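Per-chain residue numbering starts at 1, and chain names A, B, C and D are given in the order in which the chains are listed.
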Amino acid sequence: MELSITLMLALLLVPLTVAIALPFFNSSPNLREAVTLFGSIVLLICAAMLYQTIDFDNPPQLILAIPLPNYPILFSPDPLGIMFSLLVSTLWPITSLYAIGYIRQHKELNQTRFYCFFALSIAVTQAIALSGNMLTLFIFYEMLTLATFPLVTHAGSKQAKQAGRLYLGILMGTSIMFLLLATIWSANIAGTLAFQADGIFPADTDPFLLNILLLLFVFGTAKAALMPFHHWLPAAMVAPVPVSALLHAVAVVKAGVFTLLKVVIYLFGIDNISLLPAADFLAYLAGFTIVAASLIALKQDNIKARLAYSTIGQLSYIILGAMLATSSSIMGSSMHIVTHAFGKITLFFCAGAILLATHKTRVSELNGIGKQIPITLCCFTLAALSTIGLPPFAGMWSKWWLVQGTIESGQLILTASLLISSLLNLIYLLEIPLRAFFFQQSTTPLTFKEPLSPHLLAIGTTTLLCLLLFLKPDVLYHLINLIDKGL
Amino acid sequence: MSVVDHLPILIIIIPLIAAPLCVLFDSAKVSWLLALAACIFSFIGSIKLLNTITASGPISYSLGGWQPPWGIEYRLDLLSIILLLLLTSIASLVVLFARYSVEQEISKNRIVPFYATLLLAIAGLSGICISGDVFNLFVFLEISSIASYTLISLGKDRRALNAAFKYLVMGTIGATFILIGIGFLYMQTGTLNMQDLSERLPSLYDNRTIRAGFAFLTVGICLKLALFPLHLWLPNAYAYAPSVVSAFLAATATKVAVYMLLRFLLTVFDFNFSLNTMPLDVILIALGSVAIVSSSLVAIFQVNLKRLLAYSSIAQLGYISLSIGLASKLGIASAIIHLFNHALMKGALFLALGAMIYKVGGAELKHCQGMLKRMPLTSLAIIIGGLSLIGIPGTAGFISKWYMINASLEAGLWPLALLILFGSLLAIIYVWKMVEAITLQPSTSTATAPLTRDEAPLTMLVPIWALVIANIYYGINTELTVSLAQRAANILVGGY
Amino acid sequence: MSNVAGLFNYWVVIFLMMAGFFVVISQGNLVKKIIGLSLFQASAFILYISIGHVSGGEVPIYVEGSNLYSNPLPHVLILTAIVVSVSTTAVGLAIIIRIKETYNTVEEDEIQIIDNRKDDEDEPVEEEHPAEQKEDQS
Amino acid sequence: MDIALLAMLCVTAIAAIRIRDLFAVTMLFGIYSFLTATFFLSLDAIDVAFTEAAVGAGITTVLMLATLRLTGRYERKPKHNIFIPLIVVSITGAALVYGTLDAPLLGDPNAPAQQHVSPRYIEESPKEIGIPNMVTSVLASYRGYDTLGETFVIFCAGLAVIIILGIQDSGEVHPGRSAIGDQLVLRVVVKVLLPFILLFALYVQLHGDYGAGGGFQAGIIFASGFILYDLVFGEGDARLIVPPNFLKRLAALGVLLYAGVGLYSLFNGKAFLDYSALSDNPTSAQHIGIFLVELGVGITVFSVALTIFFAFSGRAQITVKTDRRPPL
């Protein structure tokens, strides 16, 4: 018990310390990046240890402060939280590794500031993962927006400024307008915001009100990029690749869906959810988003933009699962948080690598570059398969459960939407390797320009992890089952 | 009687006496020290009084040894002491800040009378918050008002003169309304003492004279409070006054007006009469709502940051009057909470702008360029202050919003909750205008300010950051603010 | 009827007050505004004194044998109020003088026009204040 | 009598609204103040009448004239319509009338205002304060703290004018250059009058306990003596006698004297401004106390009134001399 609390503190403080420490190493980049790497690895170890030691039957409780009487800032992880925290902790070192290679080759400005806010964002994400009640979750949800803002506007260009405005406007606007209202309203009704297995709302709560609240919660959580509040994500792609990779494919967006899962499972309780018409509506909206996003992705020529829309679609899988609120759909959603993360981060890494090697950002320009950067593109292909949900890759498991969920709840239209989108994924993701390998282009020289560099290492690792998660998903399943048990 | 028993009068009279002393010594340095000493004394005194009150209830002090209602009574309850703490702390910080800012903004031969007048303003406002006698309240109101007009007129921009004059006319009309109101109350009760009035009024609530008196008092106070249609004097007054003055007035003057409103509505009259019998609750809500939306919208289009903040202040006062209009314990409590927190934010922001003016020479958007590199600490202060203004969790502003929304939901008025949130939405826009201008590098061609680091002197940074830290502290630990405010509200609402 | 007679006094006073009030809010000339303000306040004082009046009462200075006096309290209040109002007037007039010097007009609307014009200019307004500068040298 | 007065008041007020010649308006205002004062007299408020005459008709009018001398005498025809003001005014007026509907009739001895607090002043003050003028008792003792506040208001006004207009030090003066030209007769008259004015001021100062008067009125009269001298014998002459910087300090001393009395009693274990600390015999204690505070008031009022006059007239000279670019 005591140990797990210390570990939780560590999870929060390690990245924070890194963030605070980095400015002092401004002068020597090597030292600076060493610190980042070291910190990230320590974080990973702590996360793993926490997973080992934690006792979910009576989870550790860590109260930082009590800003509002009986609404403390409380950290008390559940299986879902641990899963999220593990995920982020695993990907941070890899991304740092990647970043070292990328940022240097790409000669970004203000590198220290970059690493600094990066670490800060990780700290905040950990806080979200571990949060023990809705107030805490909300607080750090907002913090995450602020912590990532400097990364989005990193370039400082006019375009970055615009993107920053959109980013902040949508994320903070919705969260203040809807999420905060929903939170306070819930507190007003239930008198508590603590996450409880069977929801916090008294049985006699007006169902109409519950519907409203659910809508407020979902639309308030724009980080989940459910249409129509999704524009910020493509806009945020102006940020450097590592940011898009870890934050806008994993940390930030997953924080969004994580919030939704928390709300559905622990504030409403899945039994109540399945009774709410609003949930069905949202499920269908998610279904629509899934298809629509895939279609838009099809039309995107910019690689990162395409990936961004793909992410929007994938996120809606999770929302869909949450709204169906059957045991297997919830399992699917929780799992998809992880599996999609590995696939998508790899894809982004590759996009970055392509940019570095060939200075190309458009799909249409990629003809025949396969000869130059074969490894990258192979990894890309594998990751794509995982994202699409084909064996032998992790992506398959989560999709499996989700489809099952839709069938269980007899929403065959939604099943269809899942399958259609998988098909579309297939098309728009595999187009890239296809062009690279099979479309010839006379102009491109056939020189091999893929020296072994840190970022290549990173790509390899994540690709392997995709595979590994298919072959040995024990940890994943252990946690998933715990979540299921909690339902 | 030991000196401690005299604290209620001392915390007023010390700053008051310090003023003529400044004139006698007639030296800038000495005046500054005197002012600082006086304010800090009052601050410590108020803390001491806070302890006494929380321990053993309200304090009454009969001036001249004549017991009320024949003599004038000083009466301190929780609400008064909250205001006094706010006033004296802000005053101390502002005076500490003033040293260099004043040297730069105000010509030599005026510095001494400036400090003297500032002291009078401080004492006047404190006197309002502590007086238990309506006419004495009027007198101190006038001291503070005349002092404020003068201080505002000291602004370098000639528009300061026009602003000061507008304020003088509006303020005097307001004061005269209050005078008339007091006259009507006296006409029917024969007393001026608040406690006495509150005992005698309930039997007279149907009396038309009393009702008219009520109306005149409210209107008069709302003029001072800059409640929406009566706010025209405020923006320019805050925008063109010297930085120190803007900071002090923005943080305190309107707050004291709110205090007067609460005092009259809830102590002199009582909760049910003011907010249920009279239609005032509806009016306050309506005007508050309009103020929030309209002023926030106007604020968005300002290029002069001080003006921007001034409009935001009007919006914030809208929040406060709206919460009062909710006519519930929670509403009053949240009004008091926001009153306190808003003073902290605006104090911090205006002081930070003061530092900026001191170094960069102006507080318009164009001056912001490269601020972050040039004065990082000040810029950070502005950012955090701005976040608090929006109501980002972890800042004092969030606490205010939380309670105001709770209050409106409790009253079953969820549209108001939406409105309040919409207000914060607008706040995001106008705050972000500042933050963007400060943080994001200007396209180098337009970069006017040299990007060498050039931070404000310590006597400026300390007060700024004291307030910034207060903003964060009271966003995380609300034992003091919330519990005090709630207790005060319970006392004020009383039987209800 | 006696009622009306008794209240008539108040009503006239109210008329006077409103006359002053009207001057304040309707007139564009700053000096006239101030005059209006003084009228307004002076009339308000009459209201107070009327409150304290006792018909058949003596001036509130004690003399042997008489026991009916007018109420001294309103007198005191108004003594204070008069002082306050003259102070305000003085400050107001002083500001007007400076306005005249810097704007070279004391008509509200003209000043407004000048101010709005100045909003458009980007130039800092220091040169509007040679007074200030001179004095800084002194 | 009252009716006539009220009628004249109304006429003056209306005239003041309509006339565009500000000089005339100011004169009307002076008349208005005189009428008000007379009206106060008829309502048994002699102290107030005295003060209103001294202030309204005296100081205020002089200040307004001094201002007009700088800002020009004629008002432009206001363009903006008077419709909205009219509405505002009529609403306010209606509210006031509504308020009076339940008001006790004028002069009703049983009106609540006459019942609760004031009887104590009327019955007890001659005994417990020991001076016949109840107004002075209330002003300086029962509600002495208000008067302290009032004194600070005056002091503040002084500071305000110094800050806004600045005052010329004696260097700037031009002896002999008189505002109203060189008029022998006037000079003689003033020379003869001046001592009496000052004496009268002292009398008012000291006599406040027994009749109308007190520190405030005395201060005004004393100041007006100097003002008269200054007007007739040339601007700045008076400034040679009482230099502004000295006046500033004098004003400060005045308020300090008042506040000092309060602190004295405070440090002798009594409440602030509790005169009983000043002597063992309660009534003589009150006497001393009232004398001291009235003195404080007198000094402050005198010096502030004179300062303000200097500031205004000083401004006038400069503005006449240099074309509207005065050093402060």
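Note that contacts are C-beta pairs under 8 Å (C-beta built on N, C-alpha and C of every residue); 3 or more make two chains touch, one makes a residue touch a chain.
Keep in mind the model is a prediction, meaning the values are calculated, not measured.
Which chain has its Cα centroid closest to the overall Cα centroid?
B
How far is the middle of chain B from the middle of chain D, if each middle is the mean of its Cα atoms, in Å?
31
How many angstrom between the C-alpha centroids of chain D and chain C?
About 13 Å separates the centre of chain C from that of chain D.
With chain centres defined as C-alpha means, what is the inter-centre distance between chain B and chain C in Å?
25
As a quick test, compute the distance in whole Å between the mean CA positions of chain A and chain D.
Taking the mean C-alpha position of each chain, the two centres sit 75 Å apart.
Of all residues in chain D, which are in touch with two or more distinct other chains?
Residues 96, 100-101, 103, 111, 113-114, 117-118, 121, 143, 146, 149-150, 153, 156-157, 160, 164, 166, 328 of chain D each touch two or more of the other chains.
Note the residues in chain C that touch 2 or more other chains, in rising order.
Each of 17, 21, 25, 30, 51, 73-74, 77, 80, 84, 87-88, 91, 95-96, 98, 132, 135, 138 in chain C touches at least two other chains.
Among line, ring, star, complete and other, which one matches the pattern of chain touches?
other
State which pairs of chains touch, listing all of them.
Those chain pairs satisfying the definition are A-B, B-C, B-D, C-D.
In the complex, go through chain C and note every residue touching chain B.
17, 21, 24-25, 30, 33, 37, 40-41, 44, 47-48, 51, 73-74, 77, 80-81, 84-85, 87-88, 91-92, 95-96, 98-99, 102-103, 111, 115, 118, 122, 124-126, 128-129, 132, 135-136, 138
In the complex of these two chains, what residues of chain B are touching chain A?
387, 390-394, 398-399, 401-402, 405-406, 409-410, 414, 417-418, 421-422, 424-425, 428, 432, 436, 439-441, 443, 475-478, 482
What does chain B use to touch chain C in their complex?
107-109, 135, 139, 142, 145-146, 149-150, 153, 156-159, 161-162, 164-165, 168-169, 172-173, 175-176, 179-180, 183, 186-187, 192, 361-362, 366
Spell out the residues on chain C that touch chain D in their complex, using ranges where they run on.
Chain C reaches chain D through residues 2-3, 5-7, 9-23, 25-32, 34-36, 38-39, 42-43, 45-46, 49-63, 68-80, 82-84, 86-91, 93-98, 100-101, 104, 106-107, 109, 130-132, 134-135, 138.
Can you check the complex and tell me which residues of chain A touch chain B?
Its residues touching chain B are 65-69, 73, 135, 138-139, 142-143, 146, 150, 153, 156, 158, 161, 164-165, 168-169, 172-173, 176-177, 180-181, 184-185, 187-188.
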